[in-house]
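Chain naming follows the written order as A, B, C, D, E and F, and within any one chain the residues start at number 1.
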Amino acid sequence: MSARRSHKFGSTAQLIAVCPLLAMSDTVANALGIGVVVLIVVPLATVLLSLLRTRLTSETALAASMLTIAALVACVELLLSAFFSELRTSLTLFVPLIVSNLIAVQHLQASDESFGEAFAGSVRIAIGIAVTLLPLGFARELVGRGSLLHDAGNLLGARWAELSVFRVDMGFLLAMLPPGAFISFGLLLAARNWLTQRRS
Amino acid sequence: MRQVLYALVPTVALHVVFFGPGLLIQIVLGVVTALAAEAAALRLRGKPLPPFLLDGSAIITAVLLALCLPPLAPWWLVVSGVAFAILLAKHLFGGLGANPFNPAMVGYAVLLVSFPARLLQWLPPNVAGFEPASLSFLQTLTTILTGTPPAQFTWDAITSPTPLDALRTDLALGMTMGEAHANALFSAFGGRGWEWINLATLAGGGWLLALRIIRWQIPVAMLTALFVCASIMSAADPGAYAGPLFHLTSGASMLGAFFIATDPVSAATSPRGKLIYGAGIGVLTYVIRTWGGYPDGVAFAVLIMNLAVPLIDRYTIPRIYGHAR
Amino acid sequence: MATPAKPVLTLAVIAAVLTALVALVASFTRERIASNEQAWIRQRLDALVPPATHDNDLLADSISVTAPDLLGSAQPVKIYRARRAGAPVAAVLRPIAPDGYRGPIELLVAIGQDGRLIGVQVIRHQETPGLGDAFESRDVHWLDRFRGRSLTDPPPPRWTVRRDGGDFDAFTGATITPRAIVKAVRNALEYYQRNSQRIFEQPTQ
Amino acid sequence: MVALLMVLLSSVLVTTVVLAHMPQWRPFVAPTDIFGGARVIAIVCLVAIPVVALLGWLLARFVLAPWHLDYLRTPVLVAVVLIVVPLLDVALRRRHAILPQQPGFALVMSTNTALLGIALITDLRAATFGVAVLLAIGGAVALALLLVAFAALYERLQHADVPVVFREAPLALITAGIMALAFMGFSGLIQE
Amino acid sequence: MAKPGVRGGLRLDAHKERSTAQALRPASPVEKLILPLDQHAGAPAVPLIKPGERVLRGQPIAEPGGAISAWLHAPTSGTVAAIEPRPAPHRLGAPSLSIVVANDGRDERHGESTQTPFEQQSPEQLRELIARGGIVGLGGAVFPTAAKLSSAVRGHDLRLLLNGAECEPYISCDDMLMRERAHDVVFGARVLLHALTAQVCVIAIEDDTPQAAAALEAAIADAHDGRIQLRRVASDYPAGGERQLITAVFDVEVPSGGLPADVNTVCLNVGTAAAVTYWIRDALPLTSRIVTVTGDGVLEQRNLDVPLGTPLAALIYDCGGYTSRMSRLIMGGSMMGQALPHADMPVIKATNCLIAASALDLQPRAAEMPCIRCGNCSEVCPATLLPQQLNWYALARDLDALDTYGLLDCIECGCCDYVCPSQIPLAERFRGTKPALNERLAASSTADAARARFEARTARLERIESERLAALAKKRQELAKKSP
Amino acid sequence: MLPALLTMVALAAAAGAAAALATRRSSEDRQRLIDEIDALLPQTQCGRCTFSGCRPYASALANGEADINQCPPGGNATATALAKLLGREAKPVDPRYGSVPAHPLVAWIDESACIGCVKCIQACPVDAIVGASRFMHTVIAAQCTGCELCIPPCPVDCIVMRPAST
């Protein structure tokens, strides 16, 4: 009966996967940070879960995957605090929030695929999320505060100085704030729809 | 919709009397942008242009938004605000009649949130007791177009907060109402200039009511709610809260009640729903003005209640003839 | 219909393994995290009082004082002391400006032995982005204006923003934040002046 | 405030989009309409979130803090969600003519509850019990109200003549953006 | 039920005085009369004559084709020229099977010219007789009157409501009837009271028709019948709508989906009552009716007593022909009437009015714009619906929502269109959407019925099978007992 | 380490118990689900779905033993509604189960040819045929669902399907 879940990362699926992390797309640095975290955690979670999956019944599957993801995220939080503490501070509570986002991602995947397929699929989805967050961070930072790579030094080392494009008080502040997060993501998805539509 | 524009004439006229010709320039800029944006959106959506361009709804959006901006605001503010309103808040949702949020207020809120500093630079009213550095029409025009005042003036010299803003600031500094009121911006019951503008708006709104273009429920409910909130709070502590008359005649109270909250498209539709909707706007306006971060709350209150409209509509369906309930 | 025993057992085992993993990571990272937290404040202190100017560890040489009127908080406020060869060089106070536009603003105020300001930093605030946070702006270092000032420079009545007849510029369209910061810095100076002796004599806590 | 607003809105957005466009994740067999579904979820959240947040708070205060296990906050909270949500599922099926559908119910409810629970708990760590209770209930009420309001709005939008490229996800996002804009009006009201 | 009371409605300019200035007169005879067999509600009538046969005025020429159907009589004497499809006004010009009678100009009458006095007949007999008179409701819906009466008698304390409100602007046929033939209306009321065994009759008219009121008052006084009274109601459109009138007069609401009989009321048009009089008193079946010819597009605006089957074109000609201002031909009133493509169609029992409308008479209709949710429509809707929501869902064809918003309670009065600033043809859209909803509801109710029958059958078969097995088992046991 | 393990294991065990409790679906639940599905089916009772009637199909759907596109009389509308209810992928009716009728049909018995064998009465799942042994039989058109089950048993082939008059 298993309704086959498709691998297609359609715009609705994209919304569901990215939404909880959207707040972290306000600057390139944050987007990059959370994107890297996702790129590491999602495939890792998939590997762990597909190891577990054969041992699980339908009643425990969801609980087990949620617990696994929560534990994984707790580890990531600790590691970030230890090795990228500045980034950890700016990502605040959005690291633990990856939990709910990961659960969604897990369910975008088919349950009956092989280890290799699952892994490849999860990498694709993680890339999908990271690739969504980056341009968002880019656009929001540029439009919102007229800069690029603000605070990027925290993540990439001090060599990465901030690029200032125009004066801060000219920024279209909306882009940096929650409304801007949703609206720019909406526009991004519309652009994506438009491209797909034109291609076909 | 034409009548709505005519009803705004007294408001605009007094505005120009008190704050100079800036508004007229803002309106022209706004209307041109609105029509251009409307035409572009209609073209993209494959809709016929003339009936939609001529019905006046885009013009109303532009005029109402222009009325909310400081008269000397740089041109790109009104242009981007109106474009945002028409393209994103109206056509994206399906155009005329389908937009759940009030386009003008979306445009204004976007500007307020993005450029708070610019939107707080109001002018002092042109009344006795103030010697505003009055700019000529040409100076006004260049100020708007270049975004900087003429060489002999500085921003600080020509701008002044609105009474609502000044009151907020002063109360936040721990002044009492009495001390704050000593400011020359205030008169016996309202902000100078603003009280007359609000009365003119009331008159225009009354005319719309008489023409039955708007219904009484929303304005009455909104103003009553505002009045009641202000009365209760100022009775409880007259030193810390402005009185009801001040609230009714300040900021966008009247404009909101008669021209903005009454936007039929984004308002509740049944009579009972309109009462709830209006009262909600009144209460939220008071709350945001009094305790929130922005000096006037009408725009946000309208948007928040817009959000609740489908819910209100759902729970206020009138009893159908012949149905029990 | 399986008995609940199986799911209970499955999840318990999974939880045990996972918790062990997390706990392991936690113990492995514990020290680093603790030192990171110190590093965070140290970095800021170093920016204010260059390490070359003193030879003690500011973090280790600190006290907590409570002065609601002048330091803006009913909670104890930290003061870090810089010394060279045991002699006082500077004190860094961590007062709070309580009347920011959207809430308290946490400051670091470094005051030299001579009662002149070495520097001021804002370490936490919620002021309106793009308006009240103009002190963070990259091109105009508003906070730099405090450097070298003392309680008598400018004289007391002018220790406020220009709008209130003082010497300090406000930001365009935002007076509340600068007013709050100026007042807090002035109060910190005053606290220092009144207690400079005690500040350096009090034993480390 | 900003973080909480983002969390609330994402939660509302994802739930509504699932109800509208992801039938395989929809939590119930019936009701099948967006608003009906949202109303049920709102009611469940109204119960689940305060319970989870408060249990989480109690555990954090009386178990995690004394033993310096703060790093286990997330797993513990998730475990609490995993206890509370299935129990609610059972209660719901007993009491009402609602037929939760697996795994949709557990999934949607768990993510919602976890999302808000984590956000609240992070905020509440230092709070007293009274404040925690107030915030947890307030958060749940806010979520419930937003959920039904947004669902009713989104249902109305289903019939609108929206430009094709904006249908579904982009429209939902931009609507949420304007919602967020409206709630910016409360900034300054709720101090962090 | 929550408190009733008339809601919604519109005050419209009446335009009636144009056609009431001139006295009622018979229409000029025409050569051919066309009588569609389906001009009443219910099943079409079945012809009793063959082409070529001679018929007399008042002779039955078609009999009811079902339980709800009506007799049809020859309007004049002549020969049956054909039975063939002809364009019919109630089908907006689409053909419908019709009997064509060639007038021989002699107007010879069929049968007796008197009936047994109605007081001497039982109510049942009287109702049967009314059916034989081909009498159907002349208020617009042409529902067979006898069927309506019979279905209502099961109620107690029946009240008869004679509808003389005639709220549509332009139409004045009932007004004219009441002015000139008030006695016939009152006589009809007495017949109907007898046929219904009812004790109360209210004749309701609008409060802006003083002549009709005076005439009716006089007629009621002459009849010395205390059961009959006159009531004047506010002249708001659609005061003459059955449901609205019942609410205005008796302060009750007819339940949704129900009939007036559910609130112990029978509502008939005053013209129907007069038709009953002509049949029961004078033995003249329903073969003619009063028609208002009005509008700026016709020279002489007036009321005529017209034999059924008279071509509309002849009627216009009778009134002096079209003027140069003529722009559109409408059958019925300006609010609920429907535009006809041409005048080559006959007067039928439902034809109360013919408007040769000039551009001035027509509400200028600009292009339809989107609904702006102004709420004007819901303010005037007499059924207290929300036409703006119905429109939204009708455009989306969301049948579930249409059902919850009460599409089927819409009486298609057109008040909403009239006030809509966006020029949306709301009533027309609702009329067009109702069939789909009805079909859907019918399908689900037939499915429910089929399920019930299937389940009953399955249960029955199971029972039979188990009884059979039980019987076999019993027999086996008995045999087992016997055998050892 | 130990307190951490104890806490988490205890909580996880409780979660396991809760999960077990929730996955146990009562038979009432199942009946309600079947009712919900059955309410969407046309009740033609024709068996074209390969089940012995609409309700058996509903129960097969509830068990996940059938797909949502097997009912030709319901047409694509029913398939879509089922997909929505059950959270499955929507698809058109599978032609292998029969073609979707363009308009509703009802059976009609040529009464002059009918020999009164009652075979059709026995076949009709909804009791839409009346008549007694050796008397002619009639279909009650309003009750006939158009399932065509009466056609094969008729020994003299006197039943034909005609468009339902509306």
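Criterion: contacts are C-beta pairs under 8 Å (C-beta built on N, C-alpha and C of every residue); 3 or more make two chains touch, one makes a residue touch a chain.
In this text the structure is predicted, and so the values were computed from the model without any measurement.
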| item | value |
| --- | --- |
| Mutual neighbours - chains that touch subunit B and subunit F alike | A, C, D, E |
| Intersection of the contact lists for subunit A and subunit F | C, D |
| Contact-richer chain pair [C-F vs A-C] | A-C |
| Innermost chain by mean C-alpha position | D |
| Centre-of-Cα separation between subunit F and subunit E, whole angstrom | 41 |
| Distance from the mean Cα position of subunit E to that of subunit B, given in whole angstrom | 53 |
| Contacts with 2+ other chains: residues of subunit E | none |
| Numbers and ranges of subunit C residues touching at least 2 other chains | 2, 6-7, 10-11, 14-15, 18-19, 22, 26, 101-102, 128, 130, 172 |
| Where subunit D touches two or more other chains at once, by residue number | 24-25, 71-72, 75, 79, 82, 102, 106, 156, 166, 171, 174, 178, 181, 183-184, 187-188 |
| Pairs of chains in contact (touch as defined earlier), listed by label | A-B, A-C, A-D, A-F, B-C, B-D, B-E, C-D, C-F, D-E, D-F, E-F |
| Residue ranges of subunit E touching subunit B (in the complex, touch as defined) | 1-2, 7, 243, 247, 253-258, 366-367, 369-375, 378-379, 382-386, 388-389, 405-406, 409, 422 |
| Subunit D - residues contacting subunit C, complex | 71-72, 75, 79, 187-188, 191-192 |
| Subunit F-facing residues of subunit D, complex | 23-26, 29-30, 32, 59, 63-64, 67, 69, 72, 75-76, 79-80, 82-87, 89-90, 93, 97, 99, 101-102, 104, 106 |
| Residue ranges of subunit A touching subunit B (in the complex, touch as defined) | 169, 171-174, 177, 179, 183 |
| Residue numbers on subunit C that touch subunit F, as the complex places them | 1-4, 6-12, 14-16, 18-20, 22-23, 27 |
